[in-house]
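Each in structure tokens, the structures are laid out below.
Both complexes below contain chain A, partnered by chain B and then by chain C.
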Partner chain A sequence: MTGAQSPRQPLAKHSSARRDRESLPWLDAMMMPSLVVLAIVVGYPVVFTVLLSAQDYNLVGTEAARFVGTANYEKLAADPTFWRALVNTAVYTFGSVAVSLLLGLGLALLTENLPGRRGRLARALLLAPWAVPFVVVAFLFRYMYLQNGGAINALLLSTGLIDAPIRWLNAASLAMPAVMVTNIWAMTPFFFLLLSAALSGIPTEVLESARVDRASGADLVFRIKLPFLRNAMIISSLLMIISNFNDFAKIWAMTQGGPGYSTTTLVVYVYRQAFENFAFGYASAIGVVWLVLLLGFAIAYLRAIRMN
Partner chain B sequence: MAPRPSSPTVRALGSDRLPQKRSRQFETILKYAAILLALLWSLAPLYWMFATSFKTELEASRLTPTLWPHDATFANYRDLWSGSLPFASFFASSLVTCLATAVVAVLIATPAAYSLSRARFRLRAPIGYAILVFRMLPLVVLLAPLYLLLLHAKLLDTHIGLIVGFTTFGLPFAIWMLKTFIDAVPIEIEEAARIDGYPRWQILLRVVAPLILPGLLTTGTFVFMEAWNNLIYPLTFVTTLEKQTLPAALVLTFTGQFKTDWGGMMAAAVVTTLPLMIAFFAVQRSMVRGLTAGAVAGA
Partner chain C sequence: MFELTRLGRSALCATSITLLFATSPGTSAADKVTITFANWASAEGTTKPAIDQVIADFQKAHPDIEIKSESISFTEIARQLALRIRAGNPPDVAQLAGNDTFVIAGTGKLEPLAGYISADLKARLKADAMTGLQYQGKLIALPWMLAPAGFWYNKAVMAKAGLDPEKPPRTIDALTTAMAAIKKSQPDVIPLALDTTNRPFSLQSNWPWMATFGAMPFDGTKGHAESPEMKRYLTWMRDLAKNGYIDPGRKIGEFRPLAAQDKVAFVWDQVVLQGVIQSANKMSDADFYKHWGVTTQPAGPSGKPYSFEGGHQLVMFADSKQKKAAWTFIEYLAASPNAIKTYTLGPGSSLPPLSAAPSPDLAAKMDTPIFKSFTTQIIPTVATPPFGPGFAAASTAIMAGVQQAVTGTDPIDQIARSMQQELDRK
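Moving on, here comes the complex of A and B:
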């Protein structure tokens, strides 16, 4: 696996000498349309979020917004729901990513040598959940999780695994695991796809020579394939951690953050603060804290890319 | 893991051939059983969605669900078009805004990608990484300021406002993905045009763009798919139900029309899924490239 940059034009360091650099322009005209648009739709909102977070801006309030300094942040630190949402976000994100990574890895190893058309068909079918819109995934599972008449309870009851229907999404202790299973179903194909691609990138000579040395199947997996997949696993996990941090559709369409606050993640909490309480200032403060957390992951991600 | 058939050496060297063969057979059976189980896990929910969409309201909410529609009906699909809710206009809203986002993002991104790939300027690396980080920004954090921005620009509750919102994640993605396609074009091909004195715009338009046409289409499809999947922006920026996109409409109408009508709900779900499914299989071959744009271009 190579880095994002083409060998001809490395992005991080120019091939030219330093004195050459001095004569280079700062910007390129062809960059401008994108930079202008990004400045408006991303740059401005980010700066504005930081500014909002220091105000008591309320969209429906009659008073004008006031500068309140760090008041929103102090409120945040003392807000038990915020901390609950933070923990929920971590559980939801890391739990689903870890399980999906393992499942995707297992599937990639299992289907690695599937030959011919049937192999291609199996791989395509295994990817299908990834092509389902998140909202649809959410409603589909919500239907299957129904206490009475849901497919999952019906299946468990008919096989005798349970005696009474389970309240999957309405029980505070089960809602989070149930939503995570949904998320895992939808996310596993991503890891499967990326790790399959990385597996097929292992040079055949390496595998052949291992076989000549009569390495066992387990040795082949643990000593050669897994180390080779390490970078692909790190990068795909970081990508999914970042995207799960932002996952709104699945949780909102399944539980709206309930019952109670049991599935309220940061996204849901920010959304509720901003668009149900119209407390834009407070919502922005949460957003800023979150931005800082996410930036940590983004930096880890950039370093992981550069390592390649 | 069974050895590949292409390695007869290992088999010939094996001294205890018979027990080894039997354990290998057992391994193969186990492997196929696991693959079947995985297929079942992936496809059963999709089958359930499809099957339910042909069930009557009564059958879809039975206490002991039926495995296939016993009383199969197209009524759920018919009702989407002629029912009380304007599903045709939800569909049109989704299609129009997502297609427009894809076209706009690719148009703006192409020169930027070309610049990042070919031009030399001092801020190239910082801008490149900044765009990559932009892509990771949480949509919900941008939500409140974007809402106010659209409010003041009088673009709230318009499709244009929605397209502006979708662009926040579509554009950074498109820039990085297109860069990987442009990187792959040998620079020598542009040399002749450069010697003839063509300006860069012309080279990009006449030489590079035709070469990366599949890349432009693939990138556009990816942007389209992400926009199609977006729930939070239409839910916040669009207030008139008729202008709503499919995902948001599903959420908003669920409490109303579909309260108990799971057959109708699943028909709507199938309709929402189909365009994404078609787009997905159209770009399946470049999927890895798209999902990791900016990370593992070589994969």
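Moving on, here comes the complex of A and C:
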């Protein structure tokens, strides 16, 4: 019994200490400055956006903003470009995150046991894309994808793999996959870094005992390592989902949402509505929908952290 | 009491006078007015030294006016001005271009300029220089630099393709034939450089091509994307892409370095192309005129060539407290021989809005085959699109449709229909 009780004692102490802290009113007061700052920099824009979404407000119009209730949301529901942007956002976000996660995981497992200088060099090279600013990545890939004079087409043509240049960013069916490849290239090192760190945290005893039990390489990966990596994968994926949901720079620099609307995501659509058409009311309505979706991911992320 | 010596009295007197002048506000400082000038000329490396020089020269000539230049990038200026107008903090004067001029005019905060233009200046301006700058019946901008688009043809590429380099295509059919010959003889050359990106400038740039097919997809209030003329234009664009005659997705500026390397045969571009090519390949003026020519757009089914005016304008804000000084500055930038020589014909690479060169040396500078083509042939074909706050929203829908036609496989009828539906929703 003693053995079973002993781990609980610190927990009990911890709980009572927390209760004591909670009962001190000055601790709540200490939170006030942070809450005020948050209310100003986060709360005010959110509330203002929600209010704007119920108005017909054009920045360059001569008429004052007019309350229109749910009209912007009704317009949104009937706007095929919005729905297309939503689908594109989902494809871009989940597609990029899923492939990057798998690649990052594969690379982390492959380089896990690389020893000495070779290992360090390989890891440094694999991490290098993460150090390149996203806008630079976008422009690099844009120029590599060029139909005429792009490095990718030049390589494929010179090796005889293709007869005519491929319209990577100029074909509606290819533009989204091409942009996603860029994003995956830039994002994989993040997963690689996180999962490599998580892999190194697996207790050696667990792996040793599995080997003693004659576990195969596949058994080690699927029965030992992946269960250990589960939390790291969930948390890093949720983080990247939130980050990709907001990704504007890469798409704007590469395609500006085109050709047509084939790579227009929600953030690109909001930008066009707000800063090209100056339709702030309508753009705010899209922003509110976007916010609600992101909030869902943020809650999932917080829960994952708590579970962790 | 002690008596001051004569020397002491003189010293005291001199000190008093000096102190009096030193402590009283200087007349020059008190009377000096400050004009804020929002512009992208000072934000770009190629034009900054010239515009800074023009501003310095202006201040020297007008010691009572100080110019505070505010650098804002070309792509940002309309957004920033719109926000500043809403915040009640617009500049006195701003440089604008294309639809942005009319977007800002839509706020109702631009000062009408007709009353400021003297009879002398009116007489010196080109007859039609201000026709496209009216908004709701009022002149809202003064043309600073004229930069219409012309049909540039590379004589060397044409000759290699077996075409007569002195006879550029005059019709769409002749253009198609020429592009086919160029593609066949020089597969690595882009036959026609057209900007098909999705931005208001691209619609402005493609507007003359739509017009020569008789199409007008947007009239300022309503869309007409499903007209047979528009469908014909879209079909032509699709054929251009299918045959590899255009390279979609590039901005016009991205074609210019290629033009300097003879990798483009025909370019739909402004006067600035000459400067970019020459700075890239160090070609002399004489060689350039042997190598390149510019003329009017090949005419489509409408039988008429068109162009667009891509020049820059100067606007004054109605909230300006220094309107007289602001106008003095605007007039200096647009019409003074110094500003034209240092900026407009220099790094500005554009034409002044005047009907005649203001001095003999400027007349000599403007006496080139390129400037002559623009002045005599191309400027008369300029057709102004229905600029205004609705144009930007329409441009997103129209250019998305053009891109779908150029890069996709959906039937043209379907593309035109979805374009029209989107214009109806705007």
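Things worth noting here:
The definition used in the following text is that the second predicted complex is superposed on the first by the 274 of 308 C-alpha atoms of A that agree within 3 Å, B and C clash if a C-alpha of one lies under 4 Å from a C-alpha of the other, contacts with A are read in each partner's own complex, and residues count from 1 in each chain.
Note that contacts are C-beta pairs under 8 Å (C-beta built on N, C-alpha and C of every residue); 3 or more make two chains touch, one makes a residue touch a chain.
Computed from a predicted model, the values in this text were never measured in an experiment.
Taking chain B and chain C in turn and counting the residues of chain A each one touches, the greater count comes from B.
Of the two partner chains placed by the overlay, chain B and chain C both lie in contact with A:Asn148.
Contacts of A:Ala172 after superposition: chain C is touched, whereas chain B is not reached. In the superposition on chain A, A:Asn246 makes contact with chain B only, not with chain C.
By the touch criterion stated above, A:Gly258 is placed in contact with chain C alone, chain B being left untouched.
In the superposed model, A:Val221 lies in contact with chain B only, and not with chain C.
Of the two partner chains placed around the shared chain by superposition, chain B and chain C are both touched by A:Phe275.
With both structures placed on the common chain, the touch criterion links A:Val136 to chain B but leaves chain C unconnected. Shared contact residues on chain A (touching chain B in one structure, chain C in the other): 148-149, 275. Residues of chain C touching chain A in their complex: 79, 82-83, 86, 103-104, 106-108, 188, 190, 197-200, 241, 244, 247-250, 258, 263, 389, 392-393, 396, 400-401, 403-404, 406-408, 418, 422, 425-426.
Considering their complex, residues 1-4, 7, 9-10, 13, 27, 31, 34-35, 38-39, 41-43, 45-46, 48-49, 52, 61-65, 108-109, 111-112, 114-125, 127-129, 131-134, 136-149, 164-165, 167-168, 171-172, 175-176, 179-180, 183-184, 187, 200-201, 204, 228-232, 236, 246-247, 250-251, 254, 262, 265-266, 269, 272-273, 276-277, 279-281, 284, 287-288, 291-292, 294-299 of chain B touch chain A. Residues 1-6, 8-9, 11-14, 16, 21, 24-28, 30-31, 33-35, 37-38, 40-42, 44-46, 48-49, 52, 106-107, 109-114, 122, 124-136, 139-141, 143-144, 148-151, 154, 185, 188-190, 193-194, 197-198, 201, 207-208, 211-212, 214, 217, 220-221, 231-232, 235-236, 239, 242, 245-246, 248-249, 252-253, 266-267, 270-271, 274-275, 280, 283-284, 287-288, 290-291, 294-295, 297-298, 301-302, 305, 308 of chain A are the ones touching chain B in the complex. Residues 58-62, 75, 78-81, 146-149, 164, 167, 169-173, 175, 255-261, 272, 275-279 of chain A are the ones touching chain C in the complex.
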